[in-house]
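Pasting the structures here.
In the two complexes that follow, subunit A is the common piece, with subunit B as its partner first and subunit C second.
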Partner chain A sequence: MATETVYDQILYKEDLSYLKKNRDPIIKWTLFVFASIATIFVFLIIIFLFINGAPFFAAVPLNDFLFGTNWLPTAGDFGALPIIVDTLLVTFGAIIIALPLGLATAIFIAEIAPPKLRKALKFTVEILAGIPSIVYGFFGLIVLNVIIKDIFGLHYGNSWLSGSFILAIMALPTIVSVCEDAIRAVPDYYRNASYAMGATKWQTIRKIVIPAGMSGITAAIILGIGRALGETMAMLLVIGNCKTFPEPLTNLLDCVAVITSTIAAGWGPTEQGSLEQRSYLALAIFLFLMTLIINTIANLILSRIQRKFSGERSKKRFSEFRESKLYKYMQKYKQLLLTIIISGLFILIPIDFVSRVIGVSICIGLSFLMYIRKKVPQNKKKWITYGIIIAFVGWVLSTWIGILLAITICVLILGTIYVIRRISTVSQQRLWFSIIYLFSLLAVIIVGILVSYIVVRGFPVLLEPDFLTGFPSDNGREGGILPAIVGTLELTLGSIAFALPLGVCAGIYLSEYAKNNRITKIIRAGIDNLNGTPSIVFALFGFVFFILFFGLGRSLLVGILTLGLMILPTIIRTTEEAVKAIPQSFREGSLALGSSKWQGIGKIVFPAAIPGIITGAILGMGRSAGETAPIMFTAVRSSARWITFSLFEPVMALTYHLYRLNTEVLDAVDKAAGTALTLLILVLLLYAFAFIIRSRYEKRKQW
Partner chain B sequence: MEKKSITYLAIIGMIAMFFIGWGVTSLLTPVGGEQRATFVITGSTTTEPLITECADQFMAINPNVDISVSGTGSGSGISDTINGLNDIGMSSRNIKTTENDTAGGTLIDYKFAKDGIAIIISATHPNATWLQINGLTMDQVFLIYNGTYNTWDDINPSLVAQSIDVYTRPDGSGTRGSFEELVTKDSEELGDNSGYQTSVTGYIEVASNTVMAQQVGLNSYGFGYCGLGFVDANLIAVPVNGVVPSVATILDETYAISRSLHMLTNGPATGWVQAFIDFVYGPYGQKVVEDEGFIRIWF
Partner chain C sequence: MKKENSGDVFLVLKFKNKNKEKIRNRYNEYNDEFVIETKELNLWYEDNHALKNINMKFRKNKVTAIIGPSGCGKSTLLRCFNRMNDVIEGCRIEGEVLFKGENLYNNNADIRINRKKIGMIFQKPNPFPMSIYDNIIYGPKIHKIEDNEILEEITENCLKRAVLWDEVKDRLKDTAMSLSGGQQQRLCIARALAVEPEILLMDEPTASLDPIATQKIEDLIFELKKEWTVIIVTHNMQQAARISDYTGFMYLGELIEYGETTQIFENPHQKLTENYITGRFG
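Let's turn to the complex of A and B:
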């Protein structure tokens, strides 16, 4: 090198660089092939579910499925309404619990906390997202259900409340991080303008920041709903899986069933290829469509925020629609429309006459109140909203504790609101801030209890001589979990080895090469939606596609492929984001030096994006290590005396082992806690690793 | 930047090499000889712990064999056997004729253990003694299960006026199938079979015998059913038609609600599969059957 001049170098390399430029189309097509494989898999999932579910919909009228009230597939009853309603109720309850906690924590992190505490809290919240759902299930079954049973003096603790509570903790990380992003996205000059007007910090948060971040908060709620809807293993263990409506409909303490747990419990025992089995596929399709709608709405809202703060105008197609007459009519009569639709739903669903009348009259009453609300002066409007909310709370309360007590509580709440509005702004700020502190603290405490319970019970087991290095015996009551640890590692590494090349190539292709046309949009939409699809849907796909269609037995390979497909969308997305985050000037600089497009991407953009991609990959590994549902039907075995590396044999896995210890072998709670702790440590190590890489990368970032 | 990207690529390359190597070795590993002989058992979750333990003991004696057991539920165990996806299927219910027809009549059924399905209540039930002495009739069990009796005093006015919390297993479960088959068969004389299929939804569904035993034990007003071997000190097995469930009454068939546990092969078993079936029928296997709470078929 030293002896050559720059001129020599250019002369010498001229031909070579020409050759290298010729490589470009080859690389582009290779990337395209990988991207198509990834995309084909993504769409295969959707297509295969529908094809296999089709015979069910041909045999059973949709009306019987959606509005029947009796779910007993072996007897030919396929009424999924109670399961669907219960799912919505449990999810609704979870959001009601998670939203105040999550929003308060997000406000605390984004606006109030000092930088060091902020970092620690953010880390905790993100770590929380990595706790495997089976661990929550274990905690819910052993601790929460017993507490709820004792507090309320019930016969049993398997209830809507415990389900919602567990789901709330699980949805919390999603809600906190999306809310926090939304609040931080509000430009600082909004705040400064507010302070300049003499507003207090709380007034700024309350009147400026939250309204400006409202659409992000809505997206957080919707994403939280999506997370809660797809939860399987914890629900299977915690709620009682009663396929009825709660009695009465507001009874938080009644036993309920959700779609995911119904599928997980019912799929295994049914005869393969029978109508019964297809009925569970139909449930999975329904769940898939539900999450599809929810994710689409969330994505729309989130992209609208980006446009809002970046000053872009909304799309032309949309603005044309906005100017049309139909839209204006819809705007004018949207309340009437909504009322008619919801009342119609109440009339359509087969509930008893009294409930129908109550439902319809509540609908009409609400819309009448909203109509009045428009007429009253600005400063009184709030009271009508409060009134509606408190009337609702009162109604729910009255079904538990009697009307008189409920009214007293409602009056007290109204009085408190009245008093709060009268006190000085400084005291108001103090009050609200203490509420925020309290809620954030509560969120941390709940997580603390969960983790410390598992650590306290599990740690002594980890210290047992044979636990981490021995083989299980007597159905896991004795011995260790070595094959399960190895199995989980095999599944995790295997799935990442399958998903990473495909996902990275697809991500690079999508962000750098794909033209911004309709096909790309469809591909992107498909990937985005699969990102939020419940794991139980992947489980059924893996079973139907690899085991039934391809005739592969229950094996490590099928588990790897199923898990790999599950994390593929995440990897494509993180790759795309990591590559997109590299400033355009890098590419321009490279092109200006005479490099080809691929030279620029391969030498400049991709290396710079690697830390981001690795973070995504590790998060994907954490997710696949913590999943139970996708491997439950496809890859696991109960016990093992060998450490096997064969792709064509089933393996043990920590998650499934824990599930087994919770359902088959109940007298080994300590072993279960030890397994839970091992799983927790494994997943959290992966997550911590990802965060270390990310923070180092952020420090080194030079642009 | 250049150096770093080479390091990253090297790491990725090494990982890729590792997996390629893993894949190739796993493909090339021959079965037999000094290597392991592997076979797969799937099916009933009731039978699974028992077979898992048998398999562990069998593997301890025959270190070259690797048996993989998975609890998937009776239905899929039988389907797996029909489709050749396992070597032995486990079932806790009788094989349906439709299933045997699908297989072309080649299914071989090994009934290797018996199990009584005990009707259980919690030991903390306020009328535990009354129920233990007087028991229930088959008709009463049926009427509780189909939702005709909602509270305990519906059965007998002297009992507590609290709701009966019925626990059941998921639809399709072998234990539930056997229970419903046996309980409703004797209730045909009631002339009201129509109520049976429509009202059994809405009960608490539990994942296994063990969970059933645990949950009913914790609930003073619970009512459920589970294998006799799972009845512990927290539970009372209620006499049915005046017969207390026990090993003796199940074997002489005076206790009405009992069933067999099945292993299935598609066509005659050979080699290690046959050896394993023999092991389960043999003294060690039957001891495991007993230890896990089921009833051995010979003494």
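Let's turn to the complex of A and C:
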């Protein structure tokens, strides 16, 4: 036996003290500094917004702002209620349209479509999420508004209906994609158990899969609402921006104004430091808080789903409180409690007496209905829910087409529901599947029309000799868009060059080095929330911080910084997730060989995470290429006859150019279509590239 | 792999024979029979008292098995020996772990030096997502060996010791992820051997492998103990009986019984040990 040959050699130095010379602390501190800078920026946005908006709330009573019905900042009227109500109405309308279409498409993709079709559809949906909002706005203005105008015989097509419709198309990819994920996340053994008891496919979907995926579907709706609330440019173009309630409140064809579009339309010409300017900051703060709440709820739900299916138990928070008697009483009488609280709110807020009475009685009525619903037997419960919905629909319909017709329609709907519940399960399945096919087809057709309209209209323009390589003249009516293409590329590359190093270092620090304490949690929550903050909020921050506070002029640099800050949270999060997805066993394997922590991260973990990080970076680039609002006040010029690479001069950008061709320049629809197509191709290519990298990487991944 | 071949596997290295004597001394300098020793070792995860007053001595050039039901703390104990528990947040350790007379948990004890000397094989094979060759040379490179010729030598030598050479010698540049589970585990053993540790810790190394791969690993352990001290945690009592010289039985964070394997399995002193070994619980 050759045992004695084993230690024949000295490969390793006897003295291992070289290991004590360790670069780890230096690297850790470098990462920490980068992470701190990123975090400080993230919180600066929140702080600056509030500091600059605060004087407004000192000068104008909160009541006048929230419940005043007249918005005219130049005259000193700051009643934002119509804008807030309009925003809610438009968003509500969008969800009503998008939810059935989105859910049906998601069910189709996840449960019915054959694997190849599923892959193709999923890919398309994910890419479509990248269509810049200004392109939707262009489509809405040129096509949808004209259709609505002609059908209903109006003077203008700018309306609540077109706003909701455009928002619905825009939110559709988000809703489909999150719903699909939620449905796919339901484990197969649920389905198998259901099939094994003789359930049809539809019964399984309806009774097992959808209830199990319900929280994900809820999250999808909430994220869709978030997306819709934060949308600026498309709304600016299609809804007409009149800061009044629709008349009557259910009039879909009246023109409305949302918070984002009000800010974008009003911000530009305001005097610096005036109450008028601060009123827009106040609106931005309100919007920020709204999206903060919505995103927090969505994140909570999504993280709960993850825990549910990964079997991880939630932390026993408030466990003592949960066992107390008080909590049990609260559980028992929560309905009563809620009614009292909401009625109390109605009494406290300063509105007129009649509205107070109406509010309180609606509240009590609803809770009474819920109470009855609890008392009725299980199988009759549904009818009360149907009843409430039908009553609501009936009321809305009656304001449109008269009471008699509305009642007829409601009765018909109830009858149909009754009949459907009586037919055989196989016919039910056939019926519901045809509805799903129909709705998914509808979704595909709507999005298809949008894309193909832009392609058909824009492609001939693209082929014009000077369009891609020429300079604009006559305000963009003639000539090409070369400076805009170059400007967009400069902004995109610049913002990623600024955000990527900061974001990647911050992400690595947060996931690998930061202790899991309260500060880290707060940082993470801040980053998460900025991830879903509307771009118009970043626009205001960029303007107030870089231009007013630092005195930088409108320039490429400010645009790059603003866009970079906007995509920074996304990059931090994707980096963190990519790094976290690398199994702990790799780190341990490296440590067990005597490596330092950074050697393991730098040589094993980081290289394995690179594809994920690149995907995030490209998605960020796509986003910054397609954004209009953040550069509108900070970086763009309307026309240029030269190409500039100077950081301190404003540039042209495709998105802003497209916006101008739709608003200020009236007769340049063809050029606008060409610009839209160029922008669409640029952004979609980036998105497609990102998803191809991701799918190849997932295929190759073997751990 | 047939037993008779194993002699050929341990090839004499071609270079640098001059330090032979020195190396021999290095290995024998710690003349005590016990190479690792724990004294009053206590460990907590948050509030969970996972190890309770463990006093244990591990003999040189022997295979020591630690057995016990799930959650009894045997993996935790093993991870104390190369301080892998440091990675886990909320983990607190009291007591001493002496490696050749020096406390691993001393403030001036360098954690990385000790980890180089005490290698570890994990329950689930964890090759890095890189080529087979890169996996082996990862450790040596960390320890400042840059010469390509030596690195190739190490690769061949270690893969031969881990009885994997014949299977992979034509595809060293392939990704390690393409190997089967058993091959991956032997690769991990080869990777650990490449930094020339003095002790090998094995945390249920065959738990995720099929019987044939398990057989190969066991044969390998049998060979390894000629030069290395092996401490192995296992679920499988037959495996402990087959390959180990000494066995410790743990239950609920306490060391119940520790002694020669034959004695533990044939004539356990404690009632608890007997119950476990005869399959009455666990």
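Keep in mind that, in the parts below, the second predicted complex is superposed on the first by the 644 of 703 C-alpha atoms of A that agree within 3 Å, B and C clash if a C-alpha of one lies under 4 Å from a C-alpha of the other, contacts with A are read in each partner's own complex, and residues count from 1 in each chain.
Keep in mind that, in the parts below, a contact is a pair of C-beta atoms (placed from the backbone, for glycine too) under 8 Å apart; a residue touches a chain by one contact, two chains touch by 3 or more.
These figures come from a predicted structure and were not determined experimentally.
Contact with subunit C, but none with subunit B, is seen for A:515 once the two complexes are overlaid on the shared chain. In the superposition on chain A, contact is made by A:608 with both subunit B and subunit C.
When both complexes are overlaid on chain A, the residue A:50 reaches neither subunit B nor subunit C. In the superposed model, A:243 makes contact with subunit B only, not with subunit C.
When the two structures are aligned on the shared chain, A:599 is found in touch with subunit C, with no touch to subunit B.
Once the two complexes are laid over each other on the shared chain, residue contacts for A:589 go to subunit C alone; subunit B is not touched.
Within the superposed three-chain model, A:329 lies out of touch with both subunit B and subunit C [touch as defined at top]. Residue contacts after overlaying the shared chain place A:549 against neither subunit B nor subunit C.
A simple residue count on subunit A separates subunit B from subunit C, and the partner touching more is B. Applying the stated touch rule to the two superposed structures, the overlap between the subunit B and subunit C interfaces on subunit A comprises residues 603-604, 607-608. Residues 1-2, 4-5, 8, 15-16, 19, 22-23, 25-27, 29, 36, 38, 40, 42, 45, 48-49, 52-53, 55-56, 59-60, 66, 68-76, 78-80, 83, 85-86, 99, 162-163, 165, 170-174, 177, 197-198, 200-208, 210-211, 213-215, 218-222 of subunit B are the ones touching subunit A in the complex.
Residues 70-75, 77, 82, 146, 149, 155-156, 158, 236-237, 240-244, 255, 257, 265-274, 276-277, 473-475, 493-494, 497, 501, 547-548, 551, 553-554, 603-604, 606-608, 610, 633, 636-642, 644-650, 660, 662-666 of subunit A are the ones touching subunit B in the complex. Of all residues in subunit A, those touching subunit C in their complex are 1-14, 16-20, 515-516, 583-596, 599, 603-604, 607-608, 702-703. Of all residues in subunit C, those touching subunit A in their complex are 7, 10-13, 15-17, 19-20, 22-24, 26-27, 82, 84, 87, 89, 110, 112-113, 115-116, 119-120, 122, 124, 126-130, 138-140, 142-145, 150, 154, 175, 177-178, 188, 191-192, 195-196, 226-227.
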